[in-house]
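Here chain A shows up in two complexes: once beside chain B, once beside chain C.
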Partner chain A sequence: MTWSPATSERADAIVARYPERRSAVMPLLYLAMREEGRLTDEGMKEVGDRTGITAAQVLAAASFYTMYKREVGRHLVSVCRSISCHLLGSEAVLDAVADETGVPDGETALDGSLSVESVECIGACGGAPAIQVDYEMVEGMTPDSARALVRWLLDESPEVIRSDDLQGRFGGSPSFDPGPVDPVGAIGPFPAFGPYGTAAT
Partner chain B sequence: MSEMVKLTIDGKEVEVPAGELIIKAAQDHGTYIPRFCWHPRMEPVGMCRMCLVEVETPRGRGLVTACTQRVADGVLVDTKSDMVKKAQEGVLEFLLINHPLDCPVCDRGGECPLQDQTLSHGPGESRFVEEKRHFEKPIPISDLVMLDRERCILCARCTRFCDEISGDPLIEFIDRGNYTQVNTFPDEPFASYFSGNTVQICPVGALTATPYRFRARPWDLEAVESTCTMCSVGCRVSVQASQNQVLRLLAVDSEPVSHGWLCDKGRFGYEYLRSPARLAAPLVRGEDGELHEASWGDALATAASGIKDVIDRHGPSAVAGLGGARSTNEEAYAFGKLLRSVIGTGSLDARIGDAIDPVLLATGESRALIGDLETAKTVLVWGPDLKEELPVLYLRVRRAASALGATLIVIHPRSTGLDREATHVVRYRPGEGAALLDRLGKGEGDLAAVRAALDEGPVVAIIGRGGLTEAPGLASAVAAFVAGLPGASILPVARRGNVHGAIDMGVAPGLLPGRVAADQAGRDTLGEAWGTPVPAPGRDADGIIEGLADGSVRALIMLGTDPAADHPHRARATTAITAAEFVVSLDLFVTDSNRGADVILPVEAFSEVEGTVTNIEGRVQKVNRVAPGTGQSRPAVEVLGDLASRLGGSLGGPADALAKEIAEVAPAYREITWDGLAWGEGRDGLVAAAPDGGLPIPEPGELTGPPVAGMALHLGRVLYDAGTMVTAGPSLEKVMATPAAHLHPDDASRLGVTEGIAVTVKSRSGEAVIPAIIDSSLAPGTVYVPFNFGLDIGADPGVEVVPVTGGEP
Partner chain C sequence: MTEQILTTRMDAHPSDSHTLARYEQTGGYAALRKALGMKPEAIAEEVKASNIAGRGGAGFPTGVKWGFLAPSTPRYLVINADESEPGTFKDRQLLERDPHQLVEGIVISSFALGVNHAFVYVRGEYPRPARRIQAALEEARDAGYLGDDILGSGFSLDVTVHLGAGAYICGEETALLNSLEGRRGEPRIKPPIPAVEGLYAQPTIVNNVETISNIPWIITNGGAAYDAIGPEGSRGTRLFSVSGHVERPGNYEIVMGMTWRNLIHDLGGGIRGGKELKCWIPGGASAPWLVPDNLDEPITVQACARLGTMLGSGGIVVMDETTNVVAAALSLVRFFAHESCGKGTPCREGATWLERILERILHGEGRRSDLDLLLDVSDNISPGLRWPPAMTTICPLGPSAVSPITSIMTHFRHEVAAMVSGEVPAGV
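Moving on to the complex of A and B:
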C-alpha cells in the first residue's frame, strides 16, 4: 500500500513542520485513516516508515486514542453519554439509534454502512443530548429525531456531512454558542481537522 | 572523581557521588529498596512505584520514588518507616490486582521478584474481589520468546530495553488504558538479536524463553560463572545445568564488557551441547573405508601412528595444524605445543583464512579497551557489522553514540546495525578500501567532516575485516592510520570464540605464546623453556590449504575447526582436506571438514571444561565446568597430551598445570593465574599485555589487487548463519537466516533483476543460485551475499550476476 501522490505530498509537508520526524505520528495517522477510510496495518507501517519509528511504536500511539479507528463504517454516529446528555435522555437516544440501525453500541453494521458508539462529553452540554456524525455536531436530539437522522444516513448515504445542515434537518434546540461553523464538512468517519492537514481542499 | 554528598539512609550516614539515585546509593551501602521497573543499566522511569521511600527535606516529609530522586546533601531517607511500609503494601496490592498468581505453573516461580517482594513487602492479602483482566496465555511473540500478558505488571523494562539499549523497539505498550499490554505489531514478531535480555530482566513470568520453558525449577539448577564463547566479546555468564545438561545461560553484569547483556546466539546457543548428532565415541576409519566407533586407546594409537608415519616419510613440516579458535587458551596452548615442540612443525593457524593479520590482533600498540568507549569523543567502526558479528560490542558502541554523545563513524560496504546511531556513514565497494583510506587520510571532499571528527580525541577505532573479499591487510593499514592520530586507540577484532586467545597462545605461524614474534630470539627462549627446539614459522591457514592440495603438506590435525564451512573458499578447503594423506580431527560433530578424516576424537566443549579464554580487548576470563561432555568425550587438553606422549613427547599435564606453564612462558600472560581470575564482585578477569610494549602494528602488505571485473562481491557474516552452533540447536535453527544476493537498484534494473527472483552469482571459483533482494544501501556495482550458508561462490572479489531464465519470484 503506497499513498496517493497528494497524500504523500501532504505527509511530507506535515513531517517537515517538526524538528523530530517522529513528532508527526499523530497527524500522519489521520492521513492514513483518510487514505483508506480506516486505520490499517499497512497505514501504520507507512506512518512508521515516514517517521522513522517501528510499526509497533506507531501502534502504541494509535491504540491509545479511540478516534484512530481500525474498524469503522462509512459513517460514524457518536452519541454522547456524559452527564448533561445523560440527564436529558441520551440513553433513549442511543437505544433509538441502535434499534433503528440494528447496530449496537460500539459496533459496525455488517454492510459497513455505519458504526455506532457512545462517547464521553463532546462539548455540547448546552444543547444536550448531542450526537456527532463523522465528528460533525448536531444538538437537541430526541429518540425520534435520532431515528430520522440515522435513517437518512442509511437511505441517502450523503457524501458530505455538515454540522449546520444536520442541525437544520434533525436538530432541536442548540446551545447558545455552537462554535465556529465548519465550512467544509466531513467526508468520512474521521475528523477533518484543518490544522492537522487533513481537511478536504 | 566526582563530588561527594552526605546523606542519611535509615539513620546511617553515607557518602555517595553527587547526582546518584537514592535507590542506587542505598543499594551500594547495603540497603535494598524493592523495585520492579528500575534497572541499573537503564534510565529510571518511576513507573511501578514500588521503591517509595520517605524523605525528610526542609520542606517536610514525603514519599518519593527512590529510583527517580537524586541524592542531595543532608537528606534524610527512611526506607522502612510505617509510612513507607503502608505505601509499599498498597503498591503491591495494586500490582497484584490483575496478576493471576499462577506461581505453581510459572517458570519464574522461585526466582520471581514479584513473588519475593510480595513475601517481604506485601500485604499478604488483597481486597480486590472483582474479575481480573484476561488475555490469551501465552502467545509467542517470536520464535524464542513467549508472552503471558496476564502476568505482566507493566514495568516497561522489556520495552525500554528494546528502545534504549538494543535499538529495535519491536514490542510496545499497546491499547494503553485499562487493557494496556505489551505486544508486537501484528505479523511483525519480536525478532531482535537481544530478545533474551527482556526475558532475564522481566520481574515476573510474563516473558519466558522457549528453549528453557518448563525445563527446570531454579532451585534444581546448578550454576557456575563462566564466559560466553560464542563470539570473541567475552560476556560474563552464569551457566546453569540440571542433571548434567546445560539448560540456560544468564547474563552476569560486568562493567568492563557486557553491562549485563547477552545476545540471543550466546544465550540460547548452548543447545548444540546436547544435540543428538554430537559425537559420543572416537571414530576411526576402518579397512572398509568407513568410520567406525573405536576405543580411545585404538583411536589414539591410530592417530599417533598415522602422524608418525607422515613425519618419518616426509619430515615434520609435512604435518600442519588448524584450529584452536573455539578452544580454551590452555587447549590452544597444548595444540601449539604439540605441533611445534612434539611434532616439530611451524605450520599452524587458528584463523581459517577469514581473519585479519594475527600480529595486528596481538599488537601492543595504541590498544583500546572496550571500556574506553565510555569516554571516547569519536568512535570509528571500520570492519564487520558489529550487530551481526560481535553483538554485545554493538550494544556498547550504540551506547557510546546514543547515550554518551560520541561521534560515530561507520565505514562498511553496506548498511549496518549501527548506521542509525552514526553521525557519518561511509560506504565503499569491496576492493576500494585502500583508496578510501587514502582519501580519508587527506580529508578529501565529502570525507572532510569525517576526517575532522577523527581529530576530536579520544578516538576509539574498532578495526576488523569488513567482508571476506576484503584484503586482510586493509585492517593493518587502517590501524596504522588511526594509531597516528592524536589521542587515538585501536581495538582490532576477529570474531570466532577464542580466536584472540588462540593467537595469544601462538597458534599462528609468526607468533609464539604470549604475543612474541616467532623470530630466532623468541624461538630460542621458548625452546629453552620447553626443552625442545621450536621450528621456524611455517604456513598459515591459506598456506596449509595450498600445501595440502599440492602435496607438500600431508597430514592435518584439526582442533574444533570447520574450514569446509568457514574458509572463504570453502570448496578449495574441502578439496584440500580430502587430498590430505592423514587427518586427525578433535571435534564435537562430524562436519563437512572431518567427514573424510582418518580419526575423529570427541572432545569436551564449553561448560564442560575449565580454563581461560581471551576476548577482543585481551581480557582473560575463566570458563568453568558444570556438566560432562557427551558419551566418552574427553577434555581436548588430555587428548592432545595423550597424543603427544604417543608421539614421544609431553605437553605438561592437565589444564591447570598448563595455565601455570603459560604464565611462565608467555610474557603477556605473566601476571595471569586461575586464582587471580576467580569470579567475584567487580572481579572481571585480567587484561593481558606484553610487558615490553608488545608487537608493533604489522605492515599491511599488498592492498590493491587487479581491478575488479564485473560486480564486486561483498561477503559478510550474519549472526544466525548455517554454522554448526546454530544448526545443531533446535531453537537457533528456527531463526537461521536464508542467503540472498543483495543488489543496488541501479544494478538490478540494468541486469533485469527484480526482488525475489533467482539469480546466479558466478565467480572463478564457483557459482550459486539464490534469490535476489534489492538493497539501496549498497554501493552501486556491489553484490552482497551473506557468508557461511554452504554456497560455493568462493571469495574472489569480482563476480557476475545473471538472472535465472524463468526465475520464479
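Moving on to the complex of A and C:
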C-alpha cells in the first residue's frame, strides 16, 4: 500500500523535524501503523525509502521496540505488572481482563477487536494498579473496574480513546491531580501525538 | 520547613499551571531574559556553583557534565524524558503540570551550551506528557521565547519532541542517542562520552527533565542560593515518587536531609491499613532495598552510599509486612530480564537465569542449591555484589537486576530458604 499524498506530506513534515532524516525512522513507524492499523512489510519499506535506509535496517530498528506491532487489534489494552502495580494486585486485574475478553495475555481477539498484553512500568505507580488503552492512561483500577472497561471497549467500540474519559468512567485514585481535561485522544494502538498525525482532537 | 522549587506553581494553580499565561504571570521567562543578558560561560558557572546533580538516576554533577562538552559544532542538548524506572513517575508530573518550566530551562541551557537544536526524548507510553510539552513549545515559539532571534538576542533554538517506543534501556544516555538516530536502542561503549561524540557523533549533553526544570530557579536566584539548600553533597530539593503500600502515594518535593521516617510515615501517611513496614526500595527498581532499622537515616546521597544503595531515580516503593519478597523480587528481576537489550552477555543471560530460578522457587519447585545459585549467577553479572557495582557490563542494567536478589538474600534469606524447603507454601 503506497502512502496517500496527505500521508506523504505528513511524512515529509516529520522528516523535516530532524537534522538527519534517519532520525525520522521511529515517528514514521508510528505513521505506518496509523496507515494500516499495524506494521507491515510495505509500511517498513515506505519508512526505509523516506529515511535512506534498507528495509532490513528498518526491521532491525522496529523489532527492537515493543510498541511497533505487526499483529494488534483495533484497541490495545496494556496492563502494568511492574513492582508497584504488582504489590497492589495487578495479577488479578490482568486475570479479570483476560477472563472478560476471552483474550489471554499477549494475544489478539479473533475478530480483531482488541489485544491484551501485560507490560512493564508505565509510570503510574502512585495510582497502581494501572492500565493503558491505546497508551491513554487509567489509574486506580480494580478487577471489577477493569472488567467494566474492557466490556465498554467491546460493546461501544469507541472511535477515540481519551485518558480523562477513561479515568472518569473507570478509574480510581490517580498518581497526581491530572489538571484540566486534555481533548486529544488516541485513534488506534499507537501513541496519540499531533506532530506525528496519530491523534484525534 | 519544606522549600519548593519545582512544584509551587502546580500546587497553587492546579487548573492552568501548564499554560504560558500562568507561567508568565508567576514570573516565568524572567530567568531567560536575565540569562540572555549574561555570557554563556557565566550561566554554566552558576549551574556548576549550584552543585545540582543529575536527577535521572546516575546523580552526576550537572555543571561538571556540561564542562566536558567538546568545542566543535553543531552541538546538541537532549532532554531525557524516557522515565521508565519502576516506581518513578515524577517527570510525568513535571511534563504534564509545568512544561514551561522545562522549556525555559531548555532555552537557557541551550544558550549556555551553544546549542541551536535541542530534543526532548519522551517515552512512547507518555503521549499525554508529550502533547503537553509540545503545546508549551508551540506557545513559547509564538511568544518569541523559541525559534529565530529569541527576544532579539540573536540566539536561535529549535526543539524537537521525539517519542520512544517501549524500551527502558533508552533511558541510558548512549542507548537514547542511538534510538534518536533511528537505530536499535543499544548502549554504546564509552569512551567516547556523549559530551565529546554524542548525537550524530557531535558533542551532546543529555540531561533529565527534573534537572533542567531547576535551571530557571538557579539562574533567577544564583547557584550559591541553590547550594545553600540541603546538606553538603545532596544540595537542593528532589521530587520523590512514593508508591506501594502507603496511605498517600504521590510525588513529594522535599529538601534532602529529611529522614525516611518523615517521608514514608508523615508525608506518605504511613503503611496502608495500619500494617507494619517490611522494607522499601529507596531509588527505583535498580536500588538495593532498605529495612525499618534504616528509618531514621537521612535521605542523602552519602547516607545511601554508606548503606550500599542509592537515591537513583527517586522512586520509593514501600512494602508492608504481608509482602511475599520472592514474588516482589521476581517482578523486579523479570523487568530487567525483559528490558535487557541483549548486547552485554552477563546481563542478557544472567537476568534470565535469575528470573527462572525465582520462578521455580515461587512455584514450589525450588532446590536447596538455588540459594547459592542465585548469588553465584548474581556475582557473575556484578562481581563482588557491591553497590555501586563493579562494571563488567556495557551499562548498569545488568547489575540492577542483581539488586533485588542481594536485597532478599541479605534481609530475608530465611524466607527464601523456608519457601525452598517447603516450610511455607510457595506462590504469590
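Please note the rule applied: the second predicted complex is superposed on the first by the 187 of 201 C-alpha atoms of A that agree within 3 Å, B and C clash if a C-alpha of one lies under 4 Å from a C-alpha of the other, contacts with A are read in each partner's own complex, and residues count from 1 in each chain.
One rule holds in what follows: a residue touches a chain if its C-beta (ideal position, glycine included) is under 8 Å from a C-beta of that chain, and two chains touch if they have at least 3 such contacts.
Here the structure is a predicted model, which means the values were calculated and not measured.
Colleague: Would you sort A:Val25 into first (chain B), second (chain C), both or neither based on which partner it touches?
Modeller: Second partner only.
Colleague: Who touches more of chain A, chain B or chain C?
Modeller: Of chain B and chain C, the partner in contact with more residues of chain A is C.
Colleague: Going by the contact rule set out at the top, does A:Asp111 touch chain B (first), chain C (second), both, or neither?
Modeller: neither
Colleague: Pick one for A:Glu159: touches chain B only (first), chain C only (second), both, or neither.
Modeller: The answer is neither, since A:Glu159 touches no partner chain.
Colleague: Once chain A of both complexes is superposed, is A:Ala60 in touch with chain B (first), chain C (second), both, or neither?
Modeller: It touches chain B and chain C both.
Colleague: In the overlay, answer first, second, both or neither for which of chain B and chain C A:His86 touches.
Modeller: After superposing on A, A:His86 lies in contact with chain C but is clear of chain B.
Colleague: Which partner does A:Ser175 contact after superposing on A: first (chain B), second (chain C), both, neither?
Modeller: A:Ser175 sits against chain C, while chain B stays out of touch.
Colleague: Is A:Asp41 contacted by the first partner chain B, the second partner chain C, both or neither?
Modeller: Once the two structures are laid over each other on A, A:Asp41 reaches chain B alone.
Colleague: By the touch definition above, which chain A residues appear in both interfaces, chain B in one complex and chain C in the other?
Modeller: 53, 60, 64
Colleague: Can you list the chain A residues touching chain B in their complex?
Modeller: Interface residues on chain A, with respect to chain B: 41, 44-45, 53-60, 63-64.
Colleague: Show me the residue ranges of chain A that touch chain C in the complex, using the header's touch definition.
Modeller: Those in contact with chain C are residues 17-20, 22-27, 29-30, 51, 53, 60-61, 64-68, 78, 81-84, 86-88, 91, 119-128, 132, 135-137, 163, 175-180, 182, 184, 186, 191-196, 199.
Colleague: Quick check on the complex: what are the chain B residues that touch chain A?
Modeller: Those residues of chain B that touch chain A are 168-177, 183-188.
Colleague: Touching chain A in the complex: which residues of chain C?
Modeller: Listed in rising order, the residues are 10, 14-18, 74, 83-89, 91-93, 96-97, 117, 123-128, 130-132, 134, 160-168, 179-186, 200, 241-245, 249-251, 281, 285, 315, 317, 319, 323, 327-328, 331-332, 335, 338-339, 341, 428.
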